[in-house]
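So that you can tell them apart, the chains are marked A, B, C and D in the order they are listed, and the count of residues begins at 1 in each.
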Amino acid sequence: MAMVCLSDFEAYAKKYLPKIAWDYFAAGADDCTTRDENILAYKRIRFRPRVLRDVSVMDIRTKILGSEISFPVGIAPTGFHQLAWPDGEKSTARAARAMNTCYIASTYSTCTLEEISAAAPGGLRWFQLYVHRNRAASQQLVQRAEALGFQGLVLTADLPYTGKRRDDVRNGFRLPPHMKVKNLEQAFEVCKMSPLDPSVTWDDIYWLRSLTRLPIIIKGILTREDAELAVGHGVQGIIVSNHGGRQLDEGPATIDALVEVVEAVRGRVEVYVDGGIRKGSDVLKALALGAKCVFIGRPALWGLAYKGEEGLQDVLRILQDEFRLSMALAGCASVSEIGQHLVQFSKL
Amino acid sequence: MAMVCLSDFEAYAKKYLPKIAWDYFAAGADDCTTRDENILAYKRIRFRPRVLRDVSVMDIRTKILGSEISFPVGIAPTGFHQLAWPDGEKSTARAARAMNTCYIASTYSTCTLEEISAAAPGGLRWFQLYVHRNRAASQQLVQRAEALGFQGLVLTADLPYTGKRRDDVRNGFRLPPHMKVKNLEQAFEVCKMSPLDPSVTWDDIYWLRSLTRLPIIIKGILTREDAELAVGHGVQGIIVSNHGGRQLDEGPATIDALVEVVEAVRGRVEVYVDGGIRKGSDVLKALALGAKCVFIGRPALWGLAYKGEEGLQDVLRILQDEFRLSMALAGCASVSEIGQHLVQFSKL
Amino acid sequence: MAMVCLSDFEAYAKKYLPKIAWDYFAAGADDCTTRDENILAYKRIRFRPRVLRDVSVMDIRTKILGSEISFPVGIAPTGFHQLAWPDGEKSTARAARAMNTCYIASTYSTCTLEEISAAAPGGLRWFQLYVHRNRAASQQLVQRAEALGFQGLVLTADLPYTGKRRDDVRNGFRLPPHMKVKNLEQAFEVCKMSPLDPSVTWDDIYWLRSLTRLPIIIKGILTREDAELAVGHGVQGIIVSNHGGRQLDEGPATIDALVEVVEAVRGRVEVYVDGGIRKGSDVLKALALGAKCVFIGRPALWGLAYKGEEGLQDVLRILQDEFRLSMALAGCASVSEIGQHLVQFSKL
Amino acid sequence: MAMVCLSDFEAYAKKYLPKIAWDYFAAGADDCTTRDENILAYKRIRFRPRVLRDVSVMDIRTKILGSEISFPVGIAPTGFHQLAWPDGEKSTARAARAMNTCYIASTYSTCTLEEISAAAPGGLRWFQLYVHRNRAASQQLVQRAEALGFQGLVLTADLPYTGKRRDDVRNGFRLPPHMKVKNLEQAFEVCKMSPLDPSVTWDDIYWLRSLTRLPIIIKGILTREDAELAVGHGVQGIIVSNHGGRQLDEGPATIDALVEVVEAVRGRVEVYVDGGIRKGSDVLKALALGAKCVFIGRPALWGLAYKGEEGLQDVLRILQDEFRLSMALAGCASVSEIGQHLVQFSKL
């Protein structure tokens, strides 16, 4: 079976992963409307391609918070990579470094931050944080990440409680006994009583600020009002995200929300987006609408499920090739030439 | 089979109810367009969720006409509950009281008002009235309900004649011989010649007013013009309803009509809505658009069909949990924080 | 099998008619887009039903060009009724008279005008004309119709050439040898060289006017420009029609074109519509949008195919009952109460 | 099997062509969205047909760059006609001449320009050019074409790199060994390293101008900005094209882009369109929206696959008959009567 596009990896993962793992990764909240809308919304955006521009030399590099990456696609934080591949997040870290891009490691990793760091020294990594009822546990995590050379702190804002994912309820999803949320082994046990703190508010940004010198990126913003609050509270970046449609169902597709957020932010901080990226041209659309970079979640897991580090590299390489080609066919030779003039919203 | 969401109960009821009963409950008028639109219209409403608000303590209680209920979901009036469960409306009354919410008992109950009252003393109940050609029968019913402690009188306005439900015609639907429209055993026999009075007009509100001190709620309003007339005639509440799509096909979905009615009413009376509620987030949408409370029809019957009183409680508990979760994920800690800013209409 | 709604008759006809006859009646031009759009367009119109109006006494009669009919549904001109039922147009005439409505007999009848008249003396009938290259033949037809008591002359304007109906081409459609286009046996033979005159223009209205005192109704108008021309040339009525989607594919649905035509005509002549009527509520929508009456084509043929005169009466009676019920449920007790306030166009 | 409409030829070709050839011709880039949109977009355009106009004498001829053709449909440049029929482009040339229309021969022909010319002397032909890294090879081609009597030079602007057509990747598509890109046998070998020059810009129009006196037509324009540039650089014609959806996926349908381009061009040069033409009425729509002529790609290949020269003539004849009929049914007797008043965009 030739792996030609990302849906080939999806089909592979669906076929070969244990059902309970596939269901967990695939799950959306309630009717999965938002999960699917994330993808459909890209289809409603049409390019306005320009021709006869010199695209013989293509430059697809970009920078996020000052660090250069080989192309504007990073790895979004997702949990439990050992469900996809035995080496788990260590493989993810290696693939991201090999492709010279950014990997956001999740609080819910099945490897420790130390293992992740050791697996791919020098790779560009951010750390994603869920704030715990036990604030000391969170503080310790943040400071471990900083000490290990993680270069950004991503605060997830859209999970005061876990969304209702019907298949996980039906399956009685829990980690197999030989896997652990290793970073927090002492602090809690997953899937029993939620350790996450639903009382977190904007003021806690100041608390995080007091713990670390890392840039703070807030993940889960979908409205101009919250984008304004994020900027006002001094974050360095915003990830427009609806948690892959796994939290509140029937909110906006992220690519639609991106437009609203970018407009509100007016360039004061970097804006990224995740959710629904399946082709290189989706990346081009997101950049045309103002994203500095996109992050992929499920496709990275499909790559891991296919062949671990190597499979994830395949996924990234395909996205990279497709992104370069779609840039060229749209008439852009470098990322700096990408702008809103390249796209229009279909009336359909 | 795990009962995770309301459609699980629907699937159960479809599988285990006699076809003639399932068809009767499921029926919509003509092509069933409005029945289905009631559900689809919710899908076209998108949340604008807010993040980083303290949702550690959730308060989902509300009041309708001064009575507190545990969450803004009541039981809409539907007929013939014995078709779903042997104890019929007695089970419904018990489940509603157990969940501390309001039950609107139908004129077409298969238990008497007295049986319903005795089954769940102290429960919050309203009585739904069809006006009969024999006005004395109607007067007697209203006064029995008031004497039994029912706390509201719901006048159904959209059934001068019964809608054309093709499956009922094909099935030759009628109640089995051992069931009776008990409240009216003397007054008429169902499914022969219609006893309902198609000459009822707005002036009859005054007649009802003269019969009882109960608040009058009018059910079946879909336009601003009729909402204005309702307020002008001194009703205490309006239920935006299209009778579950069982009367005039191809009218508006109730959630769409709600917007128009709420705007016309300008807070002068309480406005409720029924039709198409299938998830806790639907309740949140209805409240965001101005409903004080929603009422469920078919899902209550599915709950009864599953396990009687207990099954209906399951349905209500699922809705309650989903409503609470969707409120939290949208950034609201109490019902008073819900407002129109939470939603937008999708252009699709 | 119970005949509950018009699609029951359609299913019957599809099952029992010879394929070549079914295909001929069902045919639309090219991709059949307009044929199907005629039906879909009704679905995009939503009622705004009013409640608590006295609908105990319903009056569904109307008048067309001064003649009272029992309800605003007549029989559109369609050809070759013997393909549906042995007695052909004689059965159609009898059914229309029995239901006290108007029947527009086609030039392409398989019975003579004399046979049609004799079959149902005193029935309200109009005659539909295709203008022939042999103008004398047309003149003779018009004058025969007038002498036989037909009360209107319907000029079909949208068939300078016959549309491309792929199934008819594949089937090599032609009338079976024992059927004839009897009114024109001498003048031409169908399906060889077309006898219709593609040079007919608006000036030919004056020529028709010179032949007869009958009111002239023009059929096939879809634009405001042509509606204005029709009024300017002194016709008495307009039938908004796209020939059941059998001529130019991908023109407007007739119910959509009706709005434009009614607006242009400003009440100067009566406007009717055909195409896509499948339920009583479709009739109500057409009247709300300004039609004085609608005409049914294929459903009449299905009724004939089911049981001849009796089957067509069944179809008409169902439409009548559905129309009366939908009027009542929309809050109208008589046709004069129907108006544009009853409907709105769905944004979907 | 009767060949009644173009989709009959499509079905034939799909059934009888080798899968690798069918896939190559059918391929669209990525998800094939644009390929399919080219067709769907026509469906969203509705005619406003006019009636009672004298259409007894129909004139469907037109002129492109001064040359008369029998009707406004030419053959778009597509590659590798021997994959469809042994005689390849020689058959295409013969069919185009027989039908008195224009054939744009592709750089990627499997016959030489000399063979094409000799096959159908006197036929109206244009030559389509891909600019090579080896500019001398391109210069020689252009000058051979001019010397052979080709009357136009079509520069394809939308292929700096080849689009990603998943099926071709899966199939490992390449020409069978007995076929050659004959015009360039010395210059390159297809499907190894691309010989096309991705550095071509607008300035190269001046270079082409210096090579030949042929009118230059630019193919692949989709925006008003590029249309303005094309006019500014002195081209004689523009073909609005997205390469049949084979290059950048999710750009506009060509019929939608046509409107924008025609508006920008304001009659200064001729505008043509290709992509999605499947019926004679599509041609009418394109002309109503300002195209001087349309070109067909895949349908021509299906015709070749059916019966070579004869099959392609069948395809053209069907389009011609359908175009003539739809013109008449829309009320136009000659191409000069076609205008924007004939169409409107559906809101759906």
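In this text, a residue touches a chain if its C-beta (ideal position, glycine included) is under 8 Å from a C-beta of that chain, and two chains touch if they have at least 3 such contacts.
Just so we're clear, the structure is a prediction, and the values are computed from it rather than from any experiment.
Shared contact partners of subunit A and subunit B, listed by label: none present. Because subunit C and subunit D carry the same sequence, their contact can be compared by residue number, and under half of the numbers here are used by both.
Note: the chain lying farthest from subunit C is A, by mean C-alpha position.
Centres computed as Cα averages put subunit B at a distance of 60 Å from subunit D.
Per-chain Cα centroids separate subunit A from subunit D by 42 Å. Listed for subunit B are no residues, as none touches two or more other chains. According to the touch criterion at the top of this document, the contacting chain pairs are A-B, A-D, B-C, C-D. Contacts from subunit C toward subunit D in the complex involve residues 30-31, 33, 157-158, 160-161, 163-164, 166, 169-170, 197-202, 204, 220-223, 225-226, 229, 247-252. For subunit C in complex with subunit B, the residues that touch the partner chain are 2, 4-5, 43, 45-56, 279, 281, 321-322, 325-326, 328-330.
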